[in-house]
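This is the structure I have questions about; it appears just below.
Read from first to last, the chains carry the letters A, B and C; within each, the first residue is number 1.
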């Protein structure tokens, strides 16, 4: 008696191969869902907003009448916000990454700091808004200024840049670190002359990607009370300002249907900025990715 | 060429004061910078706890936890957080039910079937999808998805749970897909070859070998995605409405915890009023929910790392 | 750990060590000239692993001293102890002493950075910095505060000539060093070490990653360098040690088994284990 019935295995095999093939295409469809949604979103927004992208749209301030509404204040405000967020976030995050990778002793405190950073990455942005509202807007008396918003944003994107910078620093081979130390360079000389220059592309990529997350972030700005209609642009970091995502949020809620097209136009501007930033980041990453 | 004696020049410069000072000062400065991240957590905790404590001097915690009604702006307000939690849950369940099968399907395709070239061209698309601002997704939900749904089921309200739920789902698909793909890719090839060598099809290998081996990594990605859905703010503020209720109906307007915070903050709740302090009580509840999810995700991913 | 017996027999020091199961260790002193490095009963642990045990060795000036032995015998650890690079591993603990020109390298008055400017190192794999050839060679001088362009130009030219690579790279000093071949990269690394005019050059298997032609070039270079420098080289390749070195130490299981003139080690070793190793019976 044969224990294995070859005939029945053969019969079943066809079904198994069929199932394999069918599911392969279902998995492919799942992969394409993202692509389809992205395409729909872009096409829908372009159809809605394209014709509103006029010169006036960029030079006018916001208005309650859609034909006069523009994004001048929001766009300039966003640039102010990013220009202030970037240096604060870079100093905080790269400093933290350097400490964790180069100086931190292996102990419970260091473990705690690392766990804390990965937990911060999971805190919803709206909670960072509450922190900013209490700490910077009220206690520090900064009001709803560029600086208060930039500090809030910096803390929010800190974990992302820290993790990206840590990876970049770790990717510098220890052999060139040893070469520098072996010539009598001190630790800090080795860091500033060898390790930072070598890990810079990775760090910059991380910075650009997290700034592009911050640029579209709305919830913390709403919570710290950034105004939506503002007829001037800031002249210092202590002035209040408006921002592109805030403008979009306030227009979305307008009942007048013409505002839907204005909103779509503003979204196109925001997406274009994001596209530019991401392209730069991807370019840097690809150009420098295979050096070691 | 005049000859310089390098040895002598180096010896003359040894122990330069600036270098010695930097060696001592830099670790201290960097430690101070690093402490900002810890202070941020401390700041969040103190802020939420102290203002929540203020809230509970005015409103009974029993009412907060047991009432099923939330009407912060009425003349006789009710403070039952359950109504807001229910809103958040409806959105999260719809989002996860939509995103998990699709995200996992995409992860399986990318990790087990796709060629390197396909993988390299699809991953950036997922990254772009993950980078779209949520306010843009909110606009998309309100102006495209909601009309579409109402075209099919006219009885669905303008503000409902389905449309923002699905769009939150779209938002978390890239996270599930790419983290699960990472988990599946780190399953050693020898395990796959073992199954394929015995005559299993790709599909059988996926379900009998790869998925069981990567399960804790996949769970981590799902839990992280749930946490992201719970904390998502702009999509629900724009497309879900602002009427807190504890019903299970997904066709009518609702409010989530995050939606309430935005509603209060963008209106003008007077500083020091009950509504103002309720902001922090809701924020605290939200924080606890997401923290639990994050801790759980870390537990899963630590387990996964120990396995490989 | 105590050594039971040290006796001097003519010029040769014979150490009876209970840990080597009664077999004596044979160490020939370097003679009249002043040693550049003296290791005095030096011990080193990686955590609980006793990696170097009672190392007693003197290294001569203007000679090439080779350290040979099977993998894991502690030879790389020892050479990295000489410029204190081994301490970059946090769990390392040492006992005993190492003297550099009669001064303990562990002495507080000798900054570790200063020691490393005098004791240069060339590593197993070529490890140029991701910078131009010029910046690679000028690195040491710049780190030690020399900024004058004329001085740097001279340093770079002199060092590249010293490392026998000037003719190959003089027209492309601003090119990235990563564009060079492995053998050229290793000579750039030697030039980089020469640039700060060290006293001793430590070489940790400097040709193990190179092809035979590059290896020959670097061996020829070492013969030239020994006029001005003291060279200590760790090598896995016994023929190399026999070809280039003046003295050879045989390390085995964290100990020095035998140390003598290279021809003695390879032709008339006094210890059976040395003979087994150099004749290729294990390794």
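Methods note: a contact is a pair of C-beta atoms (placed from the backbone, for glycine too) under 8 Å apart; a residue touches a chain by one contact, two chains touch by 3 or more.
Since the structure is predicted, the reported quantities are computational estimates derived from the model, not experimental observations.
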{"item": "Per Cα centroids, the chain farthest from subunit A", "value": "C"}
{"item": "Distance-to-centre winner among chains (Cα means, whole assembly as reference)", "value": "A"}
{"item": "Whole-Å separation of chain centres (CA-atom averages), subunit A against subunit C", "value": "49"}
{"item": "Gap in Å, rounded to a whole number, between the CA centres of subunit C and subunit B", "value": "54"}
{"item": "Subunit A and subunit B: spacing of chain centres that average the CA atoms, whole Å", "value": "13"}
{"item": "Touching two or more other chains - residue numbers and ranges from subunit B", "value": "19"}
{"item": "Residue list for subunit C, restricted to those that touch at least two other chains", "value": "113-114, 117, 144, 196"}
{"item": "Multi-partner residues of subunit A (at least 2 other chains)", "value": "186, 189"}
{"item": "Residue ranges of subunit C in contact with subunit A within the complex", "value": "83, 85, 88, 90, 113-117, 120-121, 123, 125, 127-131, 139-140, 142-144, 178, 189, 192-193, 196"}
{"item": "Touching residues on subunit B, where the partner in the complex is subunit C", "value": "1, 3-4, 6-7, 9-10, 13-16, 19"}
{"item": "Parts of subunit C lying in touch with subunit B, wherever the complex brings them together", "value": "111, 113-114, 117, 141, 144-146, 151, 154-155, 195-197"}
{"item": "In the complex with subunit A, residue positions of subunit B that touch it", "value": "19, 22-23, 26-27, 29-31, 33-34, 36-38, 40-41, 43-44, 47-48, 51, 101-106, 108-110, 113-114, 122, 124-129, 131-140, 142-144, 170, 173-174, 177, 201-204, 224, 227, 230-234, 237-238, 258, 261-262, 265-266, 271, 279-280, 283, 286-287, 290-291, 293-295, 297-298"}
{"item": "Subunit A residues within the subunit C interface of the complex", "value": "106, 173, 175-176, 178-186, 189, 193-194, 197-198, 291-292"}
